[in-house]
Amino acid sequence: MKRMRTLAGISILALVLAACSSGSTDTAAEDTAAALDDSNCAAAESFCVGLVTDIGKVDDKSFNQSAWEGAKAAAAEVGGFAKYIETTDTKDYAANMKQFTDKSYDVIVTVGFLMAEASVAAAKENPNTKFIGVDQFQGEEVANLTGLIFPEDQAGYAAGYLAGLLTKTNKLGSVLGLEIPPVQLFAKGFEAGATAANAGVKVTTVYHPPADNGFGDPVWGAAEAKKQLSQGADIIFGAGGGTGNGALIEIAKAEGAGTSIFCIGVDTDQWGTVPEAQPCLVTSAMKGLSEGTADLVKAVFDGSIKGGNFVGTTGLADYHDLASAVSADIQAKVAEIVAGLKDGSIKTGVTL
Amino acid sequence: MTLTDTKQENKLGFFVRNQTIVVPIAAIFVAFVLGGILILLQGVNPLVAYKAIFSEAWFDSDGLLRTFQKTTPLVLAGLAVTVGLRVGLFNIGAQGQLISAALASALAGIYITNLSPIFHVLVALTCGIIVGAIWAGIAGILKAYRGVHEVISTIMLNSIAIGILDYLVSNPFKEPDQSLQRTKKIAETAVLPNIGVIPFGFILALIICLLVSWMLNKTTAGFRFNTVGKNKFAATYAGINMKLMVVTGMLLSGGLAGLGGAIETLGITYRFEPAFNAGLGFDGITIALLARANPLATIPAAILVGTLRAGGASLQFETGIEPEIVDVLLAITLLLVSAPILAKYLFKGKAQKSANVTSGWGN
Amino acid sequence: MLDFIKDNKKPVITLGLVTVIAYVLYFLDEIKTTSVLVFGWGYAVPLVLAAMVGIIGERTGVVNIGIEGQMLMSAFASFFGSVITGNIYLGMLIGIGAGLLMGAFLAVAAVKWEMDQIIAGVVINIVAAGLTSFFYAPGKTLPQLMPVVSIPILSDIPLIGPVFFRNGLFALATLFIVLAVNYAIFKTRWGLRSRSVGEYPSAADAAGINVTRVRMMNVTLAGALAGCAGAFLALEAAGTFARGLTAGRGFLALAIMIFGAWNPMGALAAALFFGLSTAIASQLQADEVINIPQQFVNLLPFVMTLIVLSIAVGRVRPPAAAGQPYTKEG
């Protein structure tokens, strides 16, 4: 009995000390100017931006992170406040969105195509809140929901075109995450672009085996990249979150990285997010996630946002330090292709 | 011995006699204190953090529904592993069994038509149970007749299930006119409804739990199970057919996991999508171990895990603490429930020795 | 040498067969065969090391299903250790140290506290997953790359040379570690004592062996091998740390251990089998040779393992006292 009282006593003392000493509710999820919080989002002058990630974290060096950076930047620019929730279970999407709607947030960014249905339902239930669905194609228009979609195949096509022109061995490779639509679009676009640039080229396409960690297996990605390199591929496209990052890092270690061997990143300019890959990273097939999210959040702020789909930009990242490895001729041709894809004169021909 | 000593003894006696309840409660308490320290290190008041979890999980009607929804498959997954443990089998394959059943019941809910609601639900649930049982049965038969250790066969079967299901929802059973890998929604008649905040599936899980407990503790079959689990030599000597026990044990275990998957599909997700049921099988192992292979105890264990998971989003929203803290809390609880340290500290000599829950590893 | 072959008939035959087939394919397509073998061995290395951890533990009577957590924690420790100290060699040591630490925890929990060994392992796994995720800091890179070393004469052997003898430090060491552990378990006094403790602890006790001490030491030291596996994954294989880096390899290692009949050489053969079938699966996908959906091709290793297990005659059994805490009687 005495022991239990002692145990209870110590615990209660600890908790009381904790309660007294730490008065702050410093939150990692906020990341904003000190004066702002979400205590009064309903007020007209306070602009609150919420973000619900897909399964994963905001520091995943991939699309969750890009979307958050865009939302955060936009909120800061207009003097608003931004907060995120990291989803741990696909069944929690609706509940996570509700955290924000309960506090009358002005706009909620929902990241990832898996959340499409939940976003539509939440938008219909909360007509006064604006929703931005990243990677969520709107088949049917809902007035307060804007789908931010990207033609991934175009980004892949441009990257493939560059690779097709740049390759000396006529062998290209791609190390991919799970076989799901966005990844398939990138991969098929890559192959289409490469063959358009160079009819004799051979593109190896390998997806990660179905598993819960398809986008978080850098060990497999690295090993697969190594295998493709030793079989003659001299430019490899890494498209699959952490798995792709592993491939990029491995290729950067290869002899000739940056001169005869190159790697291509995905989603954002991975020059900054995966610095280990810089030795080989000639470009990245980018989806303008951050810019698109930021633009739409600002559109909510100034009232110009519309329902339906908003097509974001795709493009190729800067060549950075490897610009000298890409001849002016090739750079010009690729720029032409990018422009052509943008204005619609060039079609990728990719279907799922 | 003075009079006051005897009084102390009597008070202590109550707790000593009910150690199996006191120790887990104390374990949870200590785990929360230790977790509180971790939270404190992040600059957050632990009481605020815990309040965020519980007010969302228990005191918000949507949150309460979610708590029940999360608890339900956990109870069944926990029962699946528990039944396995009781007969001396370590069923790591609950995940594969669960997801196979989830797809099977989704398909039954979509493609079997013209049935009345109650009947449709029953048929779909049964499909799930059967598929789950078969998937586990494969491991059971391999063990009984070819001597293949169930740990290795169930690990293999988990991966095989993921691969096959991934293919099935990408091609033959994919919902048309959209690009996601998933099935169509199940028919209205196959839906397991909620009664207020309580999913029907939860009530089903409770009933099954009571049935399993009764079976294991009060029937001859259950007696045979327990004997096999405790001492294989004694069981063989007593004339129990070991092969039959192994296969039956796995079938039962898989069927329970399958029921969990089926209820998830029919009552919570209404379709099958690969990412939906992630992690449930492994959680089932944690639940079964927290419950020390006692079927009735899987309910409070599942409620604990379900509560923490349901409250996790609110935790991050209110305080910025990352959801992983929940796993650390659970691990500490599991450790303290299972290691004799807490019991010895509280009860000194009178601590009950915690028997091995998993006696089956040694084949 | 002949003794060695006699004692390890099955693994040696398997490896022999694989080698023959490999050389045949090598003559057909040098580059592809070599690269497939490199992939396969790279896949097998962490599995082999992790299986050693399990084997040493179980042969001594302690079941360790926390290998996954040990590997994850070591990977985390070796990566961030390298980053913080600015030296990859220190990082390696830190990683191995982390493995030792967790081995020590299992030793205390399972042997001293006589806790259920499976539960202790599960706790290790959950804690490792939670802590490595909670304390993860993005944006860090390795200060140096793992050096690739070529062993002088051996690395020139066609096919086998580049695969096994031109690698980073951990991959190189693995083959020797397996041979050393195999020798230690079956040919040394330490091995004999450990095995007796695992099979018949009361007899070992009667013979004067301190069962508790042997178990605790072995489980702790085996943790160092888990540390090697984790450090390999973070420093050599991936070159970075990501949440969930180990991705179930620790559990696969348990399967490998059982597949290999609790025998280091068997585990080596089993791990290679698994690694090679995974490599072949990815190669089949790359070559688009057969028109089978990628999901089925990737099931190859798992299905084949089940088939081999079902056909192979003879039930394998773990050490008799594995999983049971030993309490002195009297």
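Think of it as A, B and C in the order they're written, each chain with its own count starting at 1.
Just so we're on the same page, a contact is a pair of C-beta atoms (placed from the backbone, for glycine too) under 8 Å apart; a residue touches a chain by one contact, two chains touch by 3 or more.
Keep in mind that this is a model prediction, so the values were computed, not measured.
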Of B-C and A-C, whichever chain pair has more C-beta contact pairs: B-C
Of all other chains, the one whose Cα centre sits farthest from subunit B: A
Approximate Å spacing (C-alpha centroids) for the pair subunit A, subunit B: 34
Approximate Å spacing (C-alpha centroids) for the pair subunit B, subunit C: 29
Euclidean distance of C-alpha centroids - subunit A vs subunit C, Å: 34
Contacts with 2+ other chains: residues of subunit C: 295, 298
Where subunit B touches two or more other chains, by residue: 159, 163, 166-167, 170, 322
Contacts with two or more other chains, residues of subunit A listed in rising order: 57, 179, 209-211
For the subunit C and subunit A complex, residues of the former touching the latter: 31-32, 34-36, 38-39, 42-43, 46, 136, 138-139, 141-142, 145, 233, 237-240, 242-245, 247-248, 279, 281-283, 285-287, 294-295, 298
Touching residues on subunit A, where the partner in the complex is subunit B: 1-4, 7-8, 11, 14-15, 18-19, 21-30, 55, 57, 83, 85-92, 95-96, 98-99, 113-114, 116, 139, 179-181, 209-212, 352
Interface residues, subunit C side, partner subunit B - complex: 63, 109, 113-120, 122-123, 126-127, 129-131, 133-134, 251-252, 254-255, 258-259, 293, 295-296, 298-299, 302-303, 305-306, 309-310, 314-325
Residues of subunit B defined as touching subunit C within the complex: 38, 90, 92, 142, 146-149, 151-153, 155-157, 159-160, 163-164, 166-167, 170-171, 285-286, 289, 322, 324-328, 330-332, 334-335, 338-341, 354, 356-359, 361-363
Contact footprint of subunit A on subunit B as seen in their complex: 8, 11-12, 15, 26, 29-30, 33, 36-37, 40, 42-48, 62-63, 66, 69-70, 159, 162-163, 166-167, 170, 178-181, 268-269, 273-276, 278-279, 309-310, 312-314, 316-323, 345-348
